[in-house]
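By written order: A, B, C and D. Residues from 1 in each chain.
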Amino acid sequence: MSVTNLLDNWAAVRHFHPIDDKPHDPYKWAMAIDLDACIGCNACAVACYAENNLPVVGREKFQHGQVMHWMRIERYWNEDDREFPDQGAEFMPMMCQQCEAAPCETVCPVGATNHTQDGLNSQIYNRCIGSRYCSANCPYKVRYFNWYDYPTTDNVWPAEMNYQLNPDVTVRGKGVMEKCTFCVQRLRAAEVTAKGEGRIVREGEVQTACQQSCPTNAISFGNLVDPESRVHKQWKAQQVDLAKDEQEKDKQEGGSDLRGYRIFEDLRAYPSVMYLERVRESAV
Amino acid sequence: MKDIREDIAWAKINQDVMKSLENPRPLYWVILFFAVLTFGIGIGCEVYQYQMGMGVANLDNPHVWGLYIATFIFWIGMSHSGTLLSAILHLMHADWRKPIYRFAEAMTTFSLMTAGLFVMVHLGRLWQFYYAVPYPNERWVWPNFQSPLLWDAMAIFTYLSSSVLFLFVGMIPDLAIARDNMHSGWRKKLYTLLALGWEGTDRQWRNFRVTYLTIACFLIPLAVSVHSIVASDFGMSQQPGWHVTSFPPYFVAGALYSGCAAIITLFIILRYVFKFEDYMTLPILKKIVRLTFAIAMVWTYLNCVEFASVWYSHDAVSKDLLIQKMTGPYAPFWWAMIFCGSIVPLVFAIKRFQTNIPVLFATSLLLNLGMWLERWMIVSPTFSHGYYPWTWDHDQWPSMIQWGIVFGSFGWFTLLFMVFCKMFPSVSMYEVKEMVYHRTLHLKNNGTAVEQTVEQGVH
Amino acid sequence: MLAGFLMAVACHAATEPLTTEDALGPQIQQPIEFPHYRHAGNRNPVDPTNSDPTKGGMEINCQYCHTYARRSLTAGIPPLQKCIGCHQNIPSVRDKPRIVELFKYWDAKKAIPWKKVHDLPDFVRFNHERHIKRFIEQQGRPVQEVCGYCHGQVKEMTTARRQKPITMGWCVSCHMKDHVVVAKGEIPEGGTPLGKQDYWYTFQKPQEKKNAEGELTAKGPNDCWLCHK
Amino acid sequence: MIDSEFDRRDFLKVLGWGGAAVALSGCGNTSIEDGKETVVSYVQAKDYVIPGVAVYFNSTCAQCDAGCSITGKIREGRVLKLEGNPESPINRGKLCGLGQASVQHHYNPDRVREPLLRKGDKGETISWEKAYGLINEKLAGVKGDEIAFLTGEMSGHQKVLLGNYMDSLGSGNHFVYEAVAPAVVRAANLKAYGVEMPRYRIDKAKVMLSFGADFLGTWVSPVHFAQQYAAFRKGVDGQRGVLIQAESKMTLTGANADRWLAVRPGTEGILALGIINALGIATGDVAELVKDYDKARVSRDTGVEPSHIDKIAAILRLRSPSLVLAGSAAEGYVHGMQNAEAINLLNHVLGNVGKTIEAPVSVPFPQLAPSKGSTASLKKLNDDLASGKYKVLFSIATNPVFTAPASYKFGDNMAKAGFKVAFAHYLDETALQADLVLPLDSEMEDWGTHVPEYLADAAQINIQQPLMERLHANTRGMGDILLALVKQRKPEEYKAFDDYYGFLRFAMLQNKNALGGAEKDDDNFWNDTLSNGIVKLSPASGALSAKADVGGIKLPAPKEADKQYPLRLIASVTSNLRDGRHTNQPWIQESPDPLTTIVWDSWVEIHPKKAAELGVVEGDIVKVTSRTGSISAQVYLFPGIHPEAVSIPIGRGHEAMGRYAKGYGVNPFSIMDAVFERETGELAMHETNVNIAKTGQRVIVVKDEGPVGGKQMGRRVAVSRSTDQVDLSKEV
């Protein structure tokens, strides 16, 4: 640990932005969520609780806004003053967008949140000192802080319930930040297996918990670099470019017939999650 | 009006100041008692928070920062006026600063210490704070040098160490006086130790002047940069209401403002408690009041600049936030901030109030309240009305624990400050003598013969 | 000022990981003092054909007993059944006190409560499988050497004792070295001349420039999320 | 391997492997298992048991009756997570939140762990031998007619065994009760299509018109339908399917509709006839029936704008095939049957029968087919109990004390039975009333077979098998208990079976050939069966006897508002809570209601317009009073409800059951009037009228959405557009 080492490696540690000379290779994990297919059933959110050892905080803490759902389903209504929401609700699964130029990463004083070369925004629990700057700087507000020590809190994991905890995921104690990881434990397991076999992870070999449970396949997840992956095809079909802050479809005059978009694109965080706009029939 | 009486004898100066180390008015003990009490409450709250987790402060996702950060900025800001008085005015040869710069510098040091506590209190895992310190470690990991929070920690630490040095160096001649005035006891030993063998020789004086000047020069850019860095905690982020270019000067102005207001408060208290009426004179108070008024107007101007730039920008989100501050759940506090910060100082423009101690005391407290509210209004509304509408306005109101720690910090500061004033000469004796001497020179030059009744002083 | 000071200290700091006095950890009392030297130790150097255990070790491959290591991130402890599998056929040592103890556990169908020696903190996940694949299977290095990188000369011990500091800096120091990449195996379709090795390195492709011997090298992954998740 | 015999139970032990310590660890000083010094190793281990590597076993989800197949992830003997089994045509690898939460049912700290015998107000722990002996003793001298069995929907070999036991007792009193069941729709379907539950081919439809069928959330087989819905949205020939939902209170399905119509409660049938009228393609009887239902009248009665009726009729005419569904919103009235019939008539008129409504899959083993639940059965049981007909009552995994309308006074009537045995997972409201409580295994410890009511492609038998060792030593599988009981009666016939596992294996092997295992030997067949988790049978389906029968359809005019009780209470079924049997699973409690995002509590949904009229705002505690009783709950202003109705979800308001359920929310069954559907005798769940009074209290509603509600405030977060602006054909 010398300054040379610091100077040599710093840029490598800190920069995996979508810049031309640093292409993602062989992996860039990304997602596409079809809001037209999403029915808002919450299966993904519960699957996330099961996979990632999320604590159930209980009514009182939920009221204080201390809930820990990495994946939340937002429900929006039409905003014109109709008497009834006669085109239904808009459901919006929201989790960490794994931004390429993540606002959270640069501000962490201890470097507990970093960018990995496979395009994930990592969160290292044991490095976190709980300054919460990352959450303060997150435009999507998808980071969740352990306000209490849930492992020792009554009725969070009482006896036997703790048998359900996933051994591949750390159970977080008080004072650390956490967030959606794209089920990194599954990704890493798949990557390591693939490396051992001298190949890259195949499409469909690894699924996130939310994707796996989604009854309508609204969530697709995969390697954006892999031309065979569904995610790659979807992003391409929607002409959404990871490295751009304004997509082709937004530039077209009079709008386009594409429906892929990323949230708050103009903030230049380059999120890794593309949403597909919800569609409603014009004939009824 | 004269800043100080020119007929004041050097021996009397020593006598008066040394008396402050012995028997202050009873009010001193009352203040000290309350300081210990509130500090105790604060400690209790912090221990509870440490045990239970940050949740007891009633912070939430996404409202992750609250009064701790606001009060942290408040204390950092408070520290700036000490430097202004002791260093900037020193370089500008403003003589009137001489009787008051010592306690102002002490205020700088102690408010920085208090601010430093908030960095700790705020951390979710206080026991791991050393991860943020760049030192060679067995983990082979550096902290993140990109983070304004890390700059912040370093800047504060640097500022604190420099301020302590500055305070201490400036005190050496006076410590020697104290040493010589004490006959025995632990205090004598303490002063002897701290006076570093000061004899008042020419050579010592020469070196002293150079050292003092050097530190003063070093301190000024440091002070400005410290608060600019605190401002960049916000300015460097992407959030509406924070991502403002004018934040560094705005923060510095705010810092000087609250610091000056605090100086007025402490001026009045010390003047009474330690019977410093001859040194902390009303004309000096008047000068600080005028200075404060000027800074208040600068702050008001910068406030308007911020509003205007938000208003005329095309940033709908920031604009939204500004409207929300004025009309939303934080509106009472926001308007209170405007009232206390921009309307109340108008009192200072009225000549008759410029030396009216009760009015000034009340006003200075209001100004500080306003400045504290300002920091809160910078921190909190952005959380409850940021980019993402789904997470807005989670009725976040600080819990008693959070308030307890905030009040505890005032107790801690007062405790340190009051103990300092009782332990060390809070009026710089050698500089007051200098001031008196300048005064007589001035009179002489004007051809008014004043009979020198100066008896031989110590130096 | 302070930062400058620390910088200066850091500049002077050695590039080697810091180790402390107690890095090796205490000698832990195990329920049965398992003689690693007997099982894995070298054969009698004087007479290599002599397999008399009193004269030397039996050179049993580490992976013969520690079978889980190559298949899982956890190395695990061999099931008791494994010990018995051999020892029920070795009547000569049957009445040795340690073997008697072993059979007591077996008869009671009770697992031996082995104590942890290489006890990583709970939030660290070291992957045995990957390291074995990388160095033993793909690079063909000797098993005892590879295991020894972290576990030391176990073949000379009774019950194992920690031999390396196993701190994060120590792990990282190895990951920052240039390790030789051996190209072997056939070139897969669309692959590179490196053959199947191409995807060994998630975080760093093998370097273009070769080392002094003309071999390709690459560093280990430099990603916090590989071990902490 | 020393022990080569295939015995599943041997290795499913809970082993505290070193990895388990990792599971319970945290950061630094927070670890639960900090300081654990020993590595726990195996004595013997199967080849495929590798510490740190998960094994997977297939089983069946028992959280609802849809019969989704699951794959359990097992590490070191602990089941960690459930996924859908991709081999099942019902759920095709998917699993809903409720299914995911069933591990929390299994590990629930509030499960009953010992057989309990009532001693005054307390339960005394007794042994199983004593419990069985007691049952035998109490049954002595009791006539078969005096014994009643109350169960939920049952199928498979457990049903067979229960039948055998009942036969041995000479009792025919099997009451199959489901608080939430499409019983009226079944009856209407039987009339319209000749089958109770045809196969709905949502994926083949181009337009769907659903009258309150919450097929995405709660109705019949939601995971299966949700998958079909995804295909439906992708469209047949690239034309995106159009969903129109008509109901008085928006369901999850309604929230996904292209057009949601707020229908005045009870007028769904009128709307259906109005649409037939507007279609103008009906002839004969049907045309005669609908001729009075012109747009103006229908619009007046139902509150649906005439322009919408036109548009719907137009799109139904234009795009074929379509699919019309009658759901719970239509059936919950006195005239629910007529509503459902009128709606089914639409399918006939549109010619959907045979296209999107197909004949159901027939199950070759009728003895395994499910006995379908209804609410009428509970009514009958309740009446019988009230008359003191039964001396012994077996309640098997049901909770009628919680879900029966308060006016039944079910608890009091139940007390009239001399001896009440409850097979229970929790000490719920019903178990507390029982004299003897028998603790059941969770579905992750138990053996069983299930045949779902709604089958997808082909007939199938779902296998339920233990995913791990029994967590508590003294719980028993339902099959094991039934076997022990039937052995008391017929020891000779059942002496070959040590346990239910033996019975099940024997029974399955006996039919090996019919189950497609003709070429395999017994062990292979059995192992394959267990490893697949499903036995798929060859597809066999008949044709529907499609006839448009208008006889009996006579819809009443919408009711005038009751002066004293002006509002209609809709006790809604939410996708998380269903009938409240899962409320003690904390993931379910904390998973926000999809529409209101409320957690951990009940609420009263009121339309904002109505709320303004009543002067209530969000968070006001209001007293909701019906003729039967009153409850108090917080108000939530919900735009998706007809202003003449208020809605309270069922499932919360438990007074017992466990730490996560007890004391959260209110139970709308406690104010539900006992009004019944005229033809089927089912409880009419939407026929309760209520009034609302402010209590003056106000609370903060605990929910996920912020106080700006579902507004985006001009931010581009969730974006919508209409079909004429997009080109879906190019999508992948």
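Following the convention adopted for this analysis, contacts are C-beta pairs under 8 Å (C-beta built on N, C-alpha and C of every residue); 3 or more make two chains touch, one makes a residue touch a chain.
Here the structure is a predicted model, which is why all the values come from computation and not from measurement.
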Sorting chain pairs by contact number gives first A-D
Taking the mean of each chain's Cα atoms, which chain ends up nearest the overall Cα mean?
A
Take the average of all CA coordinates in chain A, do the same for chain D, and state the distance between these two points in whole angstrom.
32
For chain B and chain C, what's the span in angstrom between their mean Cα positions?
57
Would you kindly tell me how far, in whole Å, the mean C-alpha position of chain C lies from that of chain A?
35
How many Å are there between the centre of chain B and the centre of chain D, using C-alpha atoms for each centre?
65
Can you tell me which residues of chain D touch two or more of the remaining chains?
19, 22, 25-29, 31, 52, 700, 704-705, 711-712, 715, 717
Would you give the residues of chain B that are in contact with at least 2 other chains, written as numbers and ranges?
125, 128, 136-137, 140-141, 387-388, 390-391, 394-395
Note the residues in chain C that touch 2 or more other chains, in rising order.
7, 10, 13, 17, 122-123, 125, 169
Write out the stretch or stretches of chain B touching chain D in their complex.
125, 127-128, 316-317, 320, 387-395
So in the complex, the part of chain D that touches chain C is made up of which residues?
2, 17-19, 21-22, 25-27, 31, 33-34, 36-45, 50-53
Flag every residue of chain A that touches chain B in the complex, lowest number first.
1, 6, 10, 14, 61, 64-67, 72, 74, 92, 94, 103, 106-111, 127-133, 135-141, 143-149, 174-177, 264, 267, 269
Can you name the residues of chain A that touch chain D in the complex?
35-37, 39-43, 45-47, 49-51, 53, 56-59, 62-63, 67, 69, 72-77, 79, 82-92, 125-126, 128, 149, 151-152, 155, 158-168, 170-176, 209, 212-218, 230, 233-234, 237-238, 255, 257-259, 261, 263-264, 275-284
Listed in rising order, the residues of chain C that touch chain D in the complex are 68, 71-74, 76-81, 105-106, 109-116, 122-123, 125
